[in-house]
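Below, each structure is written out as structure tokens.
What follows is chain A paired twice: with chain B in the first complex and chain C in the second.
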Partner chain A sequence: MNRGLAERFDGTFRHWSLWPCLGVLVALSVYPVLQLVPMAFSTLEIVGGQQTWSFTPRRNLELLLGDAVLRDSISNTLVFVVVSVAFEMVLGLFCAIFIACMPRWRGTARTIMILPILLPPVAIGSMWKLMYNYDFGLFNQMLRAVGIAPANFLGSVDWSLMAVVAVDVWHWTPLVFLILFAAVESLPQDVLEAARIDGASMWQTIRLVILPLLGPALAVAALFRAIAAFKAFDQVYLLTSGGPGTSTELISLHLNRVFFEQNQLGYGAMLSLTVICMIAASLSAGRFAAAKR
Partner chain B sequence: MKIRSLAAAAFGTAVAFAATAQAQAPFADVGRQPPISILINSSPWFAGFEKTVELYEKQTGNKVALDVTPFGGMLEKARNAVRGANSPYDILNIDTQWTIEFYEGGTLTPFDEIDPAFALPREVLTYQDSNYWNAAKRWRTRDGGKLMGYSPNGNIHVLYYRGDLVKAAGLQPPKTWDDVAAICEKAGKPPEMYGFVTRGERGNGIRFDWMPFMIGAGADIVKAPADGDYTVTINSPAAKTALDRYVGLMKRCAPPNHGVLGQGDLIQLLSTGKALQGMAVIAAWPSFEDRTKSAVVGKMDAAPVPSFPGGKPGVVIGNWHFVVPKNLPAEKKKAALAFSRWFLTAGAQREYALGGGIPVRSDTFSSDLATRPEFRWMKAYGDSQPFARQELGFAEGAQVEQVLGLRLNQALIGELSTGKALNMAAAEIEELLKRNGRRTGRLANLPE
Partner chain C sequence: MIVPLHGHAATIGYCALALSALFIVGPTAWIFLNSIKYQIAIYTGAWVFEPTLQNYVDVLFSRRSDLISNLANSLVVAAISTVLALAIGTLGAYSLHRWHRRKLLARLLLGWTLVFHMIPTLTLVGPWYVLFQALGLYDTLTALVLTHVAINLPLTIWIMMTFFDEVPVELRDAAAIDGCGEFGTFRRIMLPLAVPGLVSAGILSFVFSWNEFSVALNLTSRGTATVPVAIARFAQQYEIQHAQMAAASMVAIVPALLLMAFGQRFVVRGLTTGAVK
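And then the complex of A and B:
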């Protein structure tokens, strides 16, 4: 191959080598999302073995505006995301710094810390459901053993959402820990050394040196967790299925109910589109706020 | 009343044919068939079904693959199967409230299209014809309807109670809800022994387990759907009586987590001896007699669902349906029908009962099995049949269940008063029926 041809090949390769990925992305992500748009303004039915679409934008919009459970599910989801991500960030950061400071057994501690991520959500949901069980669960047996009345973790409107948040925090704090632990391990030692020589206390070092340096890692961890928490489904479905009442009904559960249990494909698509728009708006607002700062 | 008389007559006639049927060959010779696969739910009666399938394989040499799926995944798997080019399953098991979607969708094969000569044995219970579909009338009836499937399990509620403890307390077996409350008061010792339990979890659980109260109190969801009158009547005074009774019993006798009690919790409480009485489906029975899982073997008794004073038991049918998808090759459909023919024989149904299943042939209930102590549930089941009825047998059933499942649960956990919960449910059901073009309306609001 002559040199000019090789250079031209090298120059264009990076472009055309992207095409297969782009094709997969369009086929599996962009096309389905675009397909949601006409579906969101239609009513879909299967009659006589055939799928029929009828254009009913007003009907679907009326369903959206009159959906009382949707309002509860949005507020529950916001509480779930904010509380669970806040706890995960604080605990994850604490564990990352603590374990990074351990003189020995760091590898073992890190391995133990990440065990919950390795468990499938179905196993976690079942395990915690058993532990929360009012009559036979571990927590209430412990409470009874010390003379405290058993708690109605999953059956009380006041407790159930926080009980579900606790499971999410237990499951996903290790992910935050993992991201932050890697960031803590790669902190420039000369900066930390300079802080020590300057006489900074432990708290001052964390607040004025470590946290600012961890900023990008914290942002990434928070973003990852917020997106995942917004989509939380499996554990909550197994633990409470959204009940009692609507106290743990998250958007993902409501979507599942509309799409799959009620078989309202058109309205389900409109609901999905609304959720996508909400997430996109939140991310844009976050980026805008970050850019302004 | 007419429906009850017909049901009683049907059950009686079916029992009358029992003796003749017992004399027939116990199993059908279905010859060699291609392998089939069945989508089946993991339920308390599955063990009995599995043993029966093993016997089929042994007797015939034909192979059957079972895809055992939790309840939560059944509907989606069944939908995906019928919507694809080729169904991965030759027999689907669908719950009664899903049948309309599949019947109307035209995604199933009526049995006469597979074999015009096929007919269900007369002894097979048809649970108010939920396995027939009259497309013109959009209603499940054998009158002008096609045979779309049959029930592998005819779940109805019964009242389970600890016969030993009720007797020891000098009480009579419960016949009315007042009896249930009295037994709860006198013999219940919460938290060691709850007086009465039934499902309270949002969704299908509470909707299905409240219905015996609703039917027993003489209430309905809609007025006369078979005649096209979809006037919503769920906010009637009778329905409020039913809901007040249900909520009252649950609050007084069930564990504090009654708002999330599901089928598993219910069976667990009863089989561990932590509940004195419980209303659950008949399919739960094997769980109480299994020595590896139950602490109450030989101690549990069953009675028909209690009634209101002077009333009749409210028995709601929650049967499953074996159906054959349309998108299958002809030989697979024939193989599915061959299995069905064998499964519905007297011999297979007997083996099914012995394995822990709930048979669907009336002659099994009048056989020698009924006199054995381990089958003492059969009398309660048989006595309940004349009162059993289908609910939500219309296209909007799944959505109505969602509405009721939420509002009833909110009444149970105290978020709404019983009157308000029923008023809200009525308004929401009316709205969705109206959107679908039904002739509808609703009763005046109850006091909230």
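And then the complex of A and C:
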């Protein structure tokens, strides 16, 4: 009897080992996403743990169509994603190739580079908040030292978005570097040697041999970063909280504001669904374009 | 190594390397300097100042700060959610590796983890809030642990699947011939060979959970707040407490520094595993 039980346990191990995983995903990610649908068409109030739902689809739709901040946050997010990913890719690629060319210190360079990836984003936010400070921040001290008028990086509408982008570039260029560095280090040596024997210059080797071989790694790094930049929240919340005005209001910050500062759980869900639909649309557009090519 | 630099080019290279290292380490050094300054030295931007540990004493032991209990909360949440994510994720990854991969269910599951990775976490914090309110778990560490498990599970599954896939089929066959059952093969062959994967996934889960901010901000209150939430409180009060913010941030980055020093091999492996494949 005992033995039979053990055998049955054993024979079905590879089946039931999936259940806990499936359970967690269904309960904590599939269900909440589905829950967004009824929430999106309701007004939801929670008083002392007691939930009151009322069905108000028109009100939520009207809020969505009249949401001027949403438009700002979408355009800010697009600018944020495009500019920061572009800088991260260029800098990361440059560092990867340049460090791979160093005869020594490659391991040390890589170790230092992983520091920003591991730091809590909130701590990074407070670092840069100190450095950007108008009165005593590092940047304005340097500007004053060379005789340029100090700039109000986080407090001016013109500068704030780029100031926030700069922090993201500092934070995530190392990840792009790591991915590309791993790819550069595993390039086939014979191809590089062939290029050298054929008398290719350094620049020719990089442009005609290395870059084409790095294609897939470049695509993966850009995709990774674009996805994560789209979700950016922590540092921006700490640095500017979306201000001044709506100049650094990203989609995640707007979601946070609607859900938890204005306590509009219903309209927040409507916003979330809109964002998810936007992501789905751009994904299928991307797949369509890739399939066509 | 592509084309090793030598001569003048190497010298210039080393200078550039030192400069980029300074650029990476600089902000951390700057916040450390600020954390050992008196408030007045911060406000005057002094470079020569009398160092003090007052800010650390202040954030750790003063009545106005709960950093000790925040640290305990962060540690408990990060440790428990990491263990749970590793256990659940490893079992799931083994099942996907061994049997399920080509089935519809598995493809749906893996596809879902990708989609889940793409949507902003804040779209989910709303429904999570409603769910935990209904279950009476709002403002508990349990709720935070559950959300962190959900967030870290996809990464664990991907890393562990890669490591299981790297184990040669012959080893598994040999174990089967020697009379090892399915569970025995998992426990005696697959798991020991995938230990580096477990370490990588564990370190990354721990760090992500320790650093996680957007969920903790909205699902906790004073008694259950984690360290990032506490730092944000210092930075968000209408009068920013720069000295305390700097000291609390320094405390919060200790795990990152330790892992950079001792676990960097696993961190790099974990971060590049998914990408290179």
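Simple rule for what comes next: the second predicted complex is superposed on the first by the 270 of 293 C-alpha atoms of A that agree within 3 Å, B and C clash if a C-alpha of one lies under 4 Å from a C-alpha of the other, contacts with A are read in each partner's own complex, and residues count from 1 in each chain.
Here is the rule we go by: contacts are C-beta pairs under 8 Å (C-beta built on N, C-alpha and C of every residue); 3 or more make two chains touch, one makes a residue touch a chain.
Bear in mind the structure is a predicted one, so any value in this text is a computation, not a measurement.
Undergrad: Looking at A:Ala194 after the superposition, I want to know if it touches chain B, chain C, both of them or none. Which is it: first, second, both, neither?
TA: In the superposed model, A:Ala194 contacts neither chain B nor chain C.
Undergrad: May I ask you to decide whether A:Ile148 touches chain B, chain C, both, or neither, giving the answer as first, second, both or neither?
TA: A:Ile148 contacts neither chain B nor chain C.
Undergrad: Looking at the overlay, does A:Asp135 come into contact with chain B only (first), chain C only (second), both, or neither?
TA: The answer is both, since A:Asp135 touches chain B and chain C.
Undergrad: Just to be sure I read the superposition right, which of the two partners does A:Val69 touch: chain B = first, chain C = second, or both, or neither?
TA: first
Undergrad: Please indicate which partner A:Ala281 is in contact with in the superposed arrangement: first for chain B, second for chain C, both, or neither.
TA: neither
Undergrad: Between chain B (first) and chain C (second), which does A:Ile117 come into contact with in this model arrangement: first, second, both, or neither?
TA: Touch partner of A:Ile117: chain C, not chain B.
Undergrad: By the touch definition at the top of the document, which applies to A:Phe260: first (chain B), second (chain C), both, or neither?
TA: both
Undergrad: Output check: A:Asp234 vs chain B and chain C. Expected answer is one of first, second, both, neither. What do you get?
TA: A:Asp234 contacts chain C only, not chain B.
Undergrad: Chain B or chain C: which reaches more residues on chain A?
TA: C
Undergrad: Report for A:Thr246: first if it touches chain B alone, second if chain C alone, otherwise both or neither.
TA: Touch status of A:Thr246: first partner only.
Undergrad: Both chain B and chain C contact which residues of chain A?
TA: The overlap between the chain B and chain C interfaces on chain A comprises residues 46, 49, 133, 135-136, 237, 241, 260.
Undergrad: In their shared complex, at which residues does chain C touch chain A?
TA: It is residues 1-6, 10, 13-14, 16-17, 20-21, 23-25, 27-28, 30-31, 34, 42-45, 87-89, 91-92, 94-96, 98-100, 105-106, 109, 112-113, 116-131, 133-134, 136, 138, 146-147, 149-150, 153, 157, 181-184, 186, 207, 210-211, 213-214, 217-218, 227-228, 231-232, 234-236, 240, 242, 245-246, 249-250, 252-253, 255-257, 259-260, 264, 267-268, 271-272, 275-276 of chain C that touch chain A.
Undergrad: Can you list the residues on chain A that touch chain C in the complex?
TA: 7, 9-11, 13-15, 17-18, 20-22, 24-25, 28-33, 35-36, 39, 44, 46, 49, 51, 95, 97-103, 105-106, 109-131, 133, 135-136, 138, 141, 170, 174-175, 178-179, 182-187, 192, 196, 202, 205, 210, 217, 220-221, 224, 227, 230-231, 233-234, 237-238, 241, 251-252, 255-256, 259-260, 265, 268-269, 272, 275-276, 279, 283
Undergrad: Can you list the chain B residues touching chain A in their complex?
TA: Against chain A, the touching part of chain B is residues 72, 75-76, 79, 83, 101, 104-107, 191, 201-203, 255-261, 265, 268-269, 272, 274, 326, 398-399, 402, 406, 409-410, 412-413, 415, 431, 435.
Undergrad: Flag every residue of chain A that touches chain B in the complex, lowest number first.
TA: The touching residues are 46-50, 59, 66, 69, 133-136, 150, 152, 154-157, 160, 237, 240-246, 257, 260-264.
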